[in-house]
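Notes for the one structure printed next.
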Amino acid sequence: DFMNALEEVHPAFGVSEEELQQVVQNGIIHYDGIVDEILRTGELFIDQVRTSSRTPLVSILLHGPKGSGKTALAATIAQASQFPFIKLLTPDNMVGYSEGQKVAAINKVFTDSYKSPLSVIVVDSIERLLDFAPIGPRFSNAVLQALLVLFSRRPPKGRRLLVIATTSVRSVFPELGLSDAFDSELHVPPISSLRALDKVFREVELFQSSDDRRRAIAMLQQAGLGDEGEDGVSRLNIGIKKLLSVIEMARQEPEAVGERLTSALMGLGM
Amino acid sequence: DFMNALEEVHPAFGVSEEELQQVVQNGIIHYDGIVDEILRTGELFIDQVRTSSRTPLVSILLHGPKGSGKTALAATIAQASQFPFIKLLTPDNMVGYSEGQKVAAINKVFTDSYKSPLSVIVVDSIERLLDFAPIGPRFSNAVLQALLVLFSRRPPKGRRLLVIATTSVRSVFPELGLSDAFDSELHVPPISSLRALDKVFREVELFQSSDDRRRAIAMLQQAGLGDEGEDGVSRLNIGIKKLLSVIEMARQEPEAVGERLTSALMGLGM
Amino acid sequence: DFMNALEEVHPAFGVSEEELQQVVQNGIIHYDGIVDEILRTGELFIDQVRTSSRTPLVSILLHGPKGSGKTALAATIAQASQFPFIKLLTPDNMVGYSEGQKVAAINKVFTDSYKSPLSVIVVDSIERLLDFAPIGPRFSNAVLQALLVLFSRRPPKGRRLLVIATTSVRSVFPELGLSDAFDSELHVPPISSLRALDKVFREVELFQSSDDRRRAIAMLQQAGLGDEGEDGVSRLNIGIKKLLSVIEMARQEPEAVGERLTSALMGLGM
Amino acid sequence: DFMNALEEVHPAFGVSEEELQQVVQNGIIHYDGIVDEILRTGELFIDQVRTSSRTPLVSILLHGPKGSGKTALAATIAQASQFPFIKLLTPDNMVGYSEGQKVAAINKVFTDSYKSPLSVIVVDSIERLLDFAPIGPRFSNAVLQALLVLFSRRPPKGRRLLVIATTSVRSVFPELGLSDAFDSELHVPPISSLRALDKVFREVELFQSSDDRRRAIAMLQQAGLGDEGEDGVSRLNIGIKKLLSVIEMARQEPEAVGERLTSALMGLGM
Amino acid sequence: DFMNALEEVHPAFGVSEEELQQVVQNGIIHYDGIVDEILRTGELFIDQVRTSSRTPLVSILLHGPKGSGKTALAATIAQASQFPFIKLLTPDNMVGYSEGQKVAAINKVFTDSYKSPLSVIVVDSIERLLDFAPIGPRFSNAVLQALLVLFSRRPPKGRRLLVIATTSVRSVFPELGLSDAFDSELHVPPISSLRALDKVFREVELFQSSDDRRRAIAMLQQAGLGDEGEDGVSRLNIGIKKLLSVIEMARQEPEAVGERLTSALMGLGM
Amino acid sequence: DFMNALEEVHPAFGVSEEELQQVVQNGIIHYDGIVDEILRTGELFIDQVRTSSRTPLVSILLHGPKGSGKTALAATIAQASQFPFIKLLTPDNMVGYSEGQKVAAINKVFTDSYKSPLSVIVVDSIERLLDFAPIGPRFSNAVLQALLVLFSRRPPKGRRLLVIATTSVRSVFPELGLSDAFDSELHVPPISSLRALDKVFREVELFQSSDDRRRAIAMLQQAGLGDEGEDGVSRLNIGIKKLLSVIEMARQEPEAVGERLTSALMGLGM
């Protein structure tokens, strides 16, 4: 009967294909082993939800600095599940919503998901859903409480749900009581090696020739971006999203790509 | 006449059987003596309410870390009472409620209970009913005050009530003025011994053979999970609820169950 | 004419006999001299209101720890006055009231009292009327201000009023500006001697025989409950209300009454 | 024409004789020189308003501890003025008012006063008008701002106004911005000498004979109430209002008046 | 055409002559050189607005202690401009206004001013417009933000505006973000020399004869009011407004004018 | 088709030419190399938006002290783009708006921009849009959250948007969570060299002759305005906006221009 239920699901209220594709606009560049590892673990959770009746609800968190690729990875995992109900919950559609409207919108997505035997919900940018501001900190307690309940509310009999949340403010989760809210947490790091950088440059064909590329990488190395600071942290530290923007800006001055990259990546701005 | 009243009670507004069963979805595994002790003490309070006319109201608190099994145990005690009115008050049904709506819903359950000669109310997850957030802390003072009054408001003549509340934020109760609100408090601990773990593994048939199971336990012991840290606290420290989830995840990779368990239980995530 | 007015009073809006009786459900056990002293002083204030025209308004406060018997004593004093208007103002009837509704309800009782030549109002559990929470602290300033005015607002000509308030948070009164609000304050202590305990045991017939009782008391003494701690404070420290509850719980296991009492009174829970 | 205007005033909306008398219910006892001094200075300000056209608005503040007699003195000064408009602004009539309603009520009294050539307004108990609570502190900023404007808003041409305010929280006025709001401030002290006490006893005829009185005073002296503490502050420290209440309570036990007085005045309660 | 526009202005919505005169009720006494200097600088800003097309908006601030004469000076400068639109924005008319009503009233005055080619607006007592209370501090952020925008919003083409604001809480302007809001700031000091005092006495004819006056001044000198304290600050420190009030009070006792003045000026009250 | 879309755009809801011109009322004076550099970099970002399909959204921040010319420069860059949709979002039009109205107005501009293939929005004075006050700090979290979402919300397919924001409170951006909100940040410094000052004097023809100008500059140098303080910061430190106002004020006294300038620039006021 589980298989029956699966077939009966109306895709109508179901998969938001287009929305999901848009957030992966620039594709997934496999610049490092960690990228594949995250995608593989995501697959395992999809399997758990599909097969184990003991855990009808599984929730995971992708966290990492601004622009490290969390949303794109979450959407990619969700799409790969091929579950009949896949939904992206994003603050982009909620500008100007009151607390009550936000809670209602969020609650509706969860309630809708219960109509499908298998569902995955991407809860994107928890900090924005919460109207989070570091000072205070300020946040919508109403939304927070709704999320806390929804992240652990068992779906009705015969329904199963995977929740994939993303955030760039993991460090304040203890203060918000969100620390124990997830079954598992995955870190999405920024780019911090010249090797990964090189991979990206090639992928987006920033340079005319390999020689140009090698020269640029050398220039970055010279600037110390390959080294670690005294604290053992790499001097290179940039999310894939911002890196792609920096690259496009640098492209505007073909004669000075290397210089633009260097100064941008060293945090000197332009 | 007390016996008469008992018979006259309409089960209609009474027992929420199904709801209670659902929260004990995975049954009660007797992994440790404390489990039976809690259930036995619960029975005694049921008896007190049934027999003593001097204490028409008795309130107890089950507290312990996230996922230690509080809700399942409270529901189990309540069901065992066989009282004509048994009700689960849970934040799951109150997503998006205003403070006023929450107070009204809670008050109604207590007022309804007064219609039955014998009642038990499970007030589940006080922290969620209170919209509690650690930072501040923030909470609904309106709900708090309602609970404080209801936990000590004598039922009308001839009516008796047992309140079983649960919480995972017992440590902030003094700040909330909830310290003296209960007649008795019972601690529900997390799992912290390999023996208890072994019991659970057997119960859920995680391993194909006893040999496999023993090997996994040995691996966990090797990893230091059987030891105590310098603070005398066991390194193993996991609620039964999360343990069951970890087990189901590990089950997805039959060839590496032990490794998955070890890394998950050591807090390394996956 | 004062005597005339007295006779004309309609008991209709007057004495809430039943309500008052209910809060003294378990009677007054004279376990210690302080009990009689409090009742005697209460009588004196009743006399003052009845006879002195210079002080048409007298207000007193009964304060002490949770469950020490404040409400029962206040109700007993009020009932003994036999004044034509006796009213219990209690948070029990105000669950879910807004600040405004609370203030209106409280104000109404005071205004009603002005219709009677002689009145006594029991303002029970100020902390609950105030929606008081220790953290912050939070409280309803609207209710606080109403009480501050009402506790010192002279009744109209020819009317006299005794206010008896109770609270278990006397220590925060300075912060609330309630320190000077009363003409007199009476402390209602918890039970702290084995002699008083013994008196209560006898009164509620907890034991089958005097021998059993003596043995239980001896066991409690052995456990150190008769001693004072290093701070000179008795180790025994329990309100009469909770004591009565502990006794009824212990009664459920006739074979182990002494043990249950000991562990409960030593704060080890059950 | 000023004299004309004076005559035309309709007493209708004017003097609240009865209200003023009620707050001086127990008369003014001249227990100390300071009492006469305050009344005399009050007269001078009345004169200034009556005669000087340069200062159409004069505002003074009577401040002192709880129950020291501020309201009675302010009402006495106001009544003595015989101005066509005399009004008592008191929190007693404003229980349950919202901030807006308070501001409107206060503003109306000031606007009404502008119809009379000569007016005096007693603004009683600023702390209560402000809904002041020490913790925080909390207060109604709306009422505070209204008072700040009204205390310095010039009446229209040809109108003159004396404002007499009272408060027992003078020490927080700097934090409230009320420090410079008055043209002059007068301190109303509590009773702190046995001589003043003796004067009051005689006035209210507490004792049957002078011998009884002298013996009581001797007892109080013995108890150290005539001395100063180490800080040079008299141990005797009680407002006339509370003293009158203590006296009436003591009167209830004719055989032990001295003892009751002693224990009450030493702050031991009863 | 600028001259044309000037002529077309309807004085109707324009100059509030009477209102301005009233706030200078006691005239301007030239007790010190600083008084003339402030008036002269004010004139220069009037000229700048009249002649320079590069700065269609000029804003200045008069600040100084309570009662130092800020409002009177601002009104005097404004009146002297003879601009077709002169308006006094004062909290006196806004008692009980909500934040929204205040903002609307203020905004309206600015918008009205845009109809005149040349305008001057006196924004009196910013602290009161802001509902400012030192504790916290508390203030209306809505009004603050409106003022911040209006103080720097360029008038429409061909319109020019001078803003003269006054305040006695200049020291908190940095916290409010008001520090850089004005093109220029002028300090209005209190009276601190016996010479200035003497000038005022003569102007208001406090004394019958010059001899009386000289004797009074001598008495004040004797009292140390001519000296500076250890901190180099003059012991004499009083705003002209309060000084005029003190003088009128002293006038009531012709036989003791000098004594009254001395005690009042030394801050001993009366 | 991109070129087609471009042509189809209706200029109606598009360019706010006049509004933009008004904020550059006094033109752009090229007093320093940094001015040209900022304009050039702005051009590059315009190019990036026009040409790169990988980054349909680019956001930059112009920040610097009060009056340094941020708004004028942002408007100049925007106008130079010649994009079919150019809009100035300014607090000037939002006096008295509620939070909700502000968010709606801001959101509308962004949504409108999505109708044009190429758009630039100047978000002027973020601190005012946020109702920012340093104390607390206080700000509208609703507006902040709307901006945070809008600054990173991808425009629909085929649409591209450049956001140019300005602020003078860059230093509090970390507390507001605005630090990572922009792709790039450009600093707009105040004027701090006599050379730049000289350039401005010449441009606005403050002096009759070059000799006069040189003499004035010499006077400023003498006053130490050419030096650096001990902290290595130039003593001269003034935004171009305020400088232009100071110049116009000084112009009113042709005989003392140099003196007026010196005292104003040294922060001595006038």
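Letters A, B, C, D, E and F mark the chains in the order given here, with residues in each chain numbered from 1 onward.
Methods note: a residue touches a chain if its C-beta (ideal position, glycine included) is under 8 Å from a C-beta of that chain, and two chains touch if they have at least 3 such contacts.
All values derive from a computational prediction rather than experimental measurement.
Asker: So how far apart, in whole Å, are chain B and chain C when each is placed at the average of its C-alpha atoms?
Answerer: 34
Asker: Could you give the separation in Å between the centres of chain B and chain D, each centre being the mean of its C-alpha atoms?
Answerer: Going by mean C-alpha positions, chain B sits 58 Å from chain D.
Asker: So which stretches of chain E touch two or more other chains?
Answerer: In chain E, nothing touches at least two other chains.
Asker: Pick one for the touching-chains graph, please: line, ring, star, complete, other.
Answerer: ring
Asker: Touch as defined at the top gives a ring of chains. Read it off for me starting with chain A, then chain F, then onward.
Answerer: One full turn from chain A through chain F gives A, F, E, D, C, B.
Asker: Please name which positions on chain A make contact with chain B in the complex.
Answerer: 41, 44-45, 47-48, 51-52, 54-55, 58, 100, 103-104, 107, 137, 139, 141-142, 144-146, 148-150, 153-154, 157, 172, 174-177, 180, 183-186
Asker: Using the touch definition from the top, list the residues of chain E that touch chain D in their complex.
Answerer: The touching residues are 22-23, 25-26, 66-67, 91-92, 94-96, 127-128, 131-135, 138, 204, 242, 244-245, 247-249, 251-253, 269-270.
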